[in-house]
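Shared chain: chain A. Partners: chain B in the first complex, chain C in the second.
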Partner chain A sequence: MNEPYRYIGKATQRNDAVGIVTGTVQYLNDVKFKNLLYAKVLRSPHPHALIKNIDKSKAENLKGVKAILTWENVPDWKGGTPGVTRILGRRLRFVGDVVALIAATSEEIAKEASSLIDVEYEILPAVFDEEEAVKPGAPQLYDEFPGNIVTPGFPIFGPKCLTAIAMGDMDKGFAEAEVIVEGTCGYANIPNPIPPEPPGAVALWEEPSRVTIWVSNQAPHVDRMTLSEIFGHEVEIFTHGHPVGGSFGTKIITWQVQAFATLLSRATGRPVKIIYTKEEHIAAFVLRPSSKMHARVGMKKDGTVTAVSGKWLVGTGHYSMTSQAQLAVGLGEVQIMTRCANWDLQTDIICTNRNASGSVRGFGGQELKCAFIPILSRAMAQLNLDPFEFIKKNYIKPGEGYFWRDGNWYIYRGIDYSEAMDKGAERFGWKEKWRGWLQPSAQKGSLRSGVGVGVHGNADIGEDTSEAYVRLSTEGTVTLITSLTEHGTGQRSNYVKMIGEVLQLPLERIFISASDSVIAPFDFGPVGSRGTYAIGSAAISAAEDAKRQLFQLAAPILGANVEDLETVDGLIFAKGKPEQCIPWIATGHDRTIMGYGRFDPDYTLANCMTTFVEVEVDTETGKVTLQNVVNATDVGQIIDPPGLEGQLNGCLGSSGIDSAIFEETIIDPTTGHILNANLIDYKWRTFSELPEIDNVVLETPISSHRFRAIGVGEVATSPGPSAILMAVSNAIGTWLHEYPVTPERVLAALNKVKSQEHAGGAL
Partner chain B sequence: MRSFSHLNARTVSEAIAALVQFDGRARLNAGGTELFGALKDEFLPEYPEAVINIKSIKGLEYIKEEKGHLRIGALTKLSVLSESRLLRERYGALAEAAHAVAGPQIRNVATIGGNLCQDVRCCYYRYPRHIGGPINCARKGNGPCLAVNGDNRNHAIFAGRKCFAVCPSDTAVALALYDAQLVVVGPQGERQIAVRDFYTPIENLLQRTEIVREILIPAVTGTVTQSFSKFALRTPIDFAIVSVASLITLEDGICTDARIVLGAVAHNPHRALEAEEFLRGCRLDVEVSRQAGEFAIREAKPLSKNAFKIQIAKTLVSRAIFGQPAGFVLKGNFSETTSSTQMCSGKH
Partner chain C sequence: MSDITVREKNKKISQAKRVTLIINGEQRNLEIGHLPHQVETTHTLLHTLRETLGLTGTKLTCDNGACGSCTVLMDGKAILSCMTLTVECGGKDITTIEGLKDRDTGALDPLQQSFIDHTAFQCGFCTPGIIMSAKALLNENSTPTEVQVKEALSGNFCRCISHYQVVRAVMAVSEGGA
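Our next item is the complex of A and B:
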């Protein structure tokens, strides 16, 4: 049994709830600025070109135009990993790349001005396919990346950053195998999470070298840190965060948008706002990385994986900011899912002439597993192994180890998820529905049902650092000072709950600061799945620190030892003597008590999500309908039940399960245009087509922070896509190996249509 | 969106006068659900100088029976059509087609005239101006059709020529089934155009100074079963990948007349004449419906990525004639007496 708590594990109202439902929350685009200018971007019509000449005279003469920037009149600021991509370059690398920036007194004028700029291009040959891009003679995107292979390694992860998994003895591993399969599979449909609020920024430059930026990102300190590398450390950068209208992992880095506003403000001396349209959001912001894997897998009859060798190709589009990080985390995650002593998995990150891939929830692991699990499935099928039993056997158990992103080996000390998996299987009815590989679970007329299961877990729940201040005012109120923005999950309210629990104070008396990088301490932000454990730990320890300071002041007054004191509802007393109490203010009305908390990385714990799906396939039309989903996890301790449910129910969209059903970014194979940059042609599930979702949540206390929680974080979206591929394959009795399972692919697999071309992999 | 003049027309004549005044460089706004997306994306070579609001015209919202015809005012909302008892009982395929358009919010403002006159959904044609400029194409008269060698999964499988975009209107499919006419008014007066002839490969026949005033449907008589079914990725809101409307006359279980129209497979609602011919005189059963499906797609010539539409079209035709909707296809189930499913199962 877990401890009885006052707030933890109970449904409490989010502190932004009234604001959200009454429309008074101030998102970035709601904030009013005096003297504001509006920015628009002129974008490249070509996937690869050099700007030969730009004539902006007509546009400059348009009344209301205040600045037009091109590669010729901006500093040589560069971003990316490594930093080789200019904010405004002469060389354009995708359809939609930035040619010019315009600031004007209205959006309409800025847009009109963009159509008055005459640009002469030298068109360069372009390459869109990763495998073509690495061939000799392929068009080259950067001098710095010969063969279009991006420099490996993510500097923040240290000099040993994971770029491959190499361990054990491959010969021995394959010799021990009872079956060896080899195959290729891709998760190459580069879905787009498309949070409702598009990316944006407002910047005000003040001479000589200070810029204040109002952002709509998860972590203002990460914005400051990223921009400082780009602008140079002599530029003083202040960032102010706002509530984020959804992120799904994409709004951790928005440096281009922020740099556009900064450059235009620097050119005009006025605040400049840029908010992307939905079309720009889809065509020129962040896509999921493309993933293709060729692998050879050795397996024993009991489901032991004896060896994995192969190559994982990650497509990053026209440049990389975080792909190396995603690759490193993905390599760690695949080991958490697959116990195996012998690995030789090599990688490459490849750039091509399309919109860039970047940070998206599922960060690397989803991309790798969506390609890897279908290959593992072939081996399981040959051995007639139940994939659920395989997952349960191979998912990491306490005492086992893995290389994590920094290249170091860690021993897992977390939860054994077998029980959560069993409970999920029971709820789903896996034993009754699983009829063997390529066997439908039910059929009626032209309809075939099929089941699939997937798993995902991540040791990033303790990644990176967090800091927090908790300030006590002795009249009995508390303020959490944090740089975190509310990115939609309700975590800011959850830290208030944690602090309320530590200080035993009514939640109405706990306030939370605006998020900024000016006063609030550093936080890496709610990336990965670190919200509950990493960020929560910082808030809890700041509250404990503040409480300790308070007790040090109160102890002499009460004539008690610090360690004997308690506080409830703003009163302090010695344990067991609540009648002899003093209010906080007895320690002095003229005082600030500032607690400080910090979390340092811990890669020895991981979360886990097992997702079961059942689909129904119409074999005469190819339509795939998701019937029901069961998510099973163990969170250590629930912090907020409705928040957790929301997180679990988020498994479908934002390029999760639905990226296996209909979500995909469609790129013209010859011109490189993204053809579905709108919410009619980009397929997002509507509310009227929601399947049944059932969640199984266990609470096994774990040695993490005070509340013994680990959270669930980002992992709800990740196990689903490969489970769908498995389920549809089982339903129709033939293997599918491409995402999404469109009617075209299903009918082609059933030989009911002559597929005109074969893209992607073949097993 | 760019600036434009905005006029409210109170009568059809005022609307035509305004169209003439702007010499065709004006667009009519009936419901606006398609128009404003087009204006925002600025994908057409010319931008209208004016938007003429015709919602302000009174008396163009009606469904009435008259002299053996059904008359529908061009400004009648799709939601009204889909809920009309008269339509549900006698013109069920049209009620279902209207219901199959988009979601309820759209149907509450979109009109049948607008649904028939809407522009195509081709992803090349509609590519937005502000992401690198619009894409030139055959339909715009300034380039080749990129869909031919590009992503043509949603394009025509019949009679493509120059432009391979398909007619996106669901109601046009049902109206073609009934041999409906559009009553079109312009400065030279009034004319009638069959819905079936209204769409050419690169445009529709409405002149820039004309307005659709009314839809005229000949009475449906005899013992007929009707259906409209639509296959889309997202049933509640998407444009059709393939749709099928059917009208079958049965006497003692024998098909004496059949009309079958396919939607989203060609620039126009595509009449499956061979299938119709085949069905006449047949006793309807599973095998006959399967063969009818084969006849319906015999002339199909798919592009590189849309052959799957043939299989879907075949299935929809078979199911429209005889078979179960299988749970996925939005299919008409109009009333006790005209449901095709019921009649067929009764005879078999």
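Our next item is the complex of A and C:
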């Protein structure tokens, strides 16, 4: 600990703890609404089709059915980046695309009605593979995207939004190299984070043009903003946030679900609830983007990367909402981990007839590095370089720079993470276990152990804007007014701690508002590990502002200068004179003190997570067992130790490390159906298969806000997958280049079964 | 048909039209039928708890027997309420997460308190199911080993990875100690 804080750095009870363990926290689906209707979606059984005719007469006659909407009777609302995907279209682009929306008095009736709708389809040829999709003559998904290449650039990131990395002199870079490798690798298994709580929304439309939506998303203002673009600015949109039953980045944007409820409420005049089933959640909500990279890398014997050229293909499925943003952030992040003066990395985002990819934690960087690190590894292997030393050498150091998502060049002003890396390596026993490339660290009978290491960090910890109000009641209580929902990290409680520290007030006297976009000020939400620095800064400065106002009122009463005042436990006094104190209420019982805080983006700090893994591979069965994980990071200052531990342990699930071992979305290449869209067939880690996890967390003060802390939660999943690929390759003595490392792939690599290429590449 | 047989038959019908079970210590006499306040023969216990009785602490995730979110106790043992039909629960004693507090004092169950003390949750959506599975284990075996705890919870899906903190929380109330 850097400073003797009262709350910061200490384990304190989360303010929703009792509600969680007694089942009284109200997630969206737990809230009661009067006069509620229930929605169901009729979905396309075909990956690509045109609706020729819809007969809904039978369904409409079913008692309890209140509305059936199809492409013919809805407004021309479109979403996506750019906005070309109609909310209900005539053209269907994936198995699960929306054909009709039904509202009825019960879920059962809505479901029955959906089975009574007769649809005649004209089936169109479909394409599922990104490389096939860009070939001449391939089926085309949109007139707007010739060759199935989605328009590059994410408008919110500005006109120079990063779409490639181009700098330096490629000829010179490759000429300086002592080894040049070229290869292809993919992280193309499109795993699904699958939070337990399904996506959903409740909407109430009021004529002529107001809609109130209850959401289970990370940031109600982002919902409002997104929907306003889609519904048109003349629609007044209020959003109310609820605790989120897991998001992992997926519940940043849920515009379709919210728009479905809105349209049905508009058609019926009643509140309408839509909650996806788990099957819909997996088959028709958000997947990780698919990533493939072809690259040429030049490297020197000392681990200096002299040049990187190549192409990164991002598969986005049937449309893109955030893929351009992920691509921009990924390109920034790859520079943070790889110091290199000469880049020519081009990109394409490709659409195919499958469920869409969207926002997921790791946001582009995880996808890119999982493909890039295996290619870098081949160069390291040729030079006999230890990957840990490579990572340590090449990770950004203070004073170095990078192009970030907006296309601007930023100079990094954070700390050197080498010490955290060293401490992690020590804890893991890297030096003892690393035996060289393609060398197992241990073997026993048919079992081979192997180790791997990966790294990830991003400059998103200071992205976007946050605002907060801190209201003081002079009887000595405080309310933080924020639009943030609790999505599992415990950050709402952490802001209470930060405010408690600024105002030196018992935590029990600090309350936090419900989350909405009606009264609470703007916040981009807890994404990209920005919660601690960006959102924390807004909360802190709102508390400081409120304190300043309080002191301005108290100074004349105490006959002291504002700068000399202090407050502890609701009492104000001049420094060193606690005996001459007044309670806050002495400034007047009839007043509201409202502090305002704002954070503006800062891309000059980055976090860093290094993950070491050890696996054991059974060369007879091909089974890979994860035995041991060490995560090493430096957070500047821990805010809440158990909360942080939870975030770091999260490295396994939500399409993190396990997406390299067994998690994948399996699409039937002939029908386009997702074959494992349920929690039995989609594999997940159980309690009885837990590896050991050890988290090494350093606290080197970082110039962020007054607590000198930064967030790392989002990136915990990201370094692991490529480390697994490395570890398994080392264990079995041959290169793997596809995720996940299923027994089939392991045995194929060992030449024990015939391989079936489908989701990766070749080096 | 004699009067007596008709009476008997009517009695049977009226009996068949209700299902009586104990939920969190309270006897509930639920009508079977098609009205919103009634229980359909197709309703799962999960549906009845959440939609008919408003006990929303029990969570729905997969509705398919795969994730353990909907775990409740039936006569002290863990069951999946999404895989159980309400009409088959006649005479059973059901405990949900809402009923785990001490019924007289309102104090939290030591297991609930231990989950708080160990921050054994992140988003908390899986937590009620995990607590009920752990409670069932402790009912049967008050001194489980860590391996037994993990085994008992292996049907509970947690995507945030609260597992490590959960195991510590359960072990802390195991009478054998950690």
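To be clear about the criterion, the second predicted complex is superposed on the first by the 758 of 763 C-alpha atoms of A that agree within 3 Å, B and C clash if a C-alpha of one lies under 4 Å from a C-alpha of the other, contacts with A are read in each partner's own complex, and residues count from 1 in each chain.
In this text, a residue touches a chain if its C-beta (ideal position, glycine included) is under 8 Å from a C-beta of that chain, and two chains touch if they have at least 3 such contacts.
Owing to the predicted nature of the structure, the values given are computational and were not obtained by experimental measurement.
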Simultaneous placement of chain C and chain B on chain A, clash or fit: fit
Partner chain(s) touched by A:S114 [first = chain B, second = chain C, both, neither]: first
Which superposed partner A:Q26 touches (first chain B, second chain C, both, neither): second
Touching partner for A:P193 - first (chain B), second (chain C), both, neither: second
Touched partner set for A:T592, first chain B, second chain C, both or neither: neither
Touching partner for A:V244 - first (chain B), second (chain C), both, neither: second
Chain B versus chain C as contact partner of A:P642, first or second or both or neither: second
First, second, both or neither for A:N53, with chain B first and chain C second: neither
Chain B versus chain C as contact partner of A:T686, first or second or both or neither: both
Which superposed partner A:T277 touches (first chain B, second chain C, both, neither): both
Lowest C-alpha to C-alpha distance for chain C against chain B (Å): 5
Chain A residues contacted in one complex by chain B, in the other by chain C: 108, 277, 678, 680, 686, 688
Of chain B, residues touching chain A in the complex: 1-3, 41, 103, 121, 123-124, 127-133, 135, 146, 149-151, 153, 231, 233-239, 241, 302-308, 310-312, 315-316, 324, 326-329
Chain A partner contacts - residues on chain C that touch it in the complex: 36, 40, 42, 50, 54-64, 66-67, 69, 96-98, 100-101, 108, 112-113, 115-116, 118-119, 121-128, 131, 147, 149-151, 153-167
Residues of chain A defined as touching chain C within the complex: 11, 13-14, 16-27, 29-30, 32, 106, 108, 193-198, 243-248, 277-278, 486-490, 642-643, 645-647, 649-654, 678-680, 684, 686-688, 690, 693
Contact footprint of chain B on chain A as seen in their complex: 40, 43-46, 95-96, 108, 111-112, 114-115, 277, 279-280, 283-284, 445-447, 616, 618, 620-623, 625, 662, 666, 668-671, 673-678, 680-681, 683, 685-686, 688-689, 742-744, 747-748, 752-757
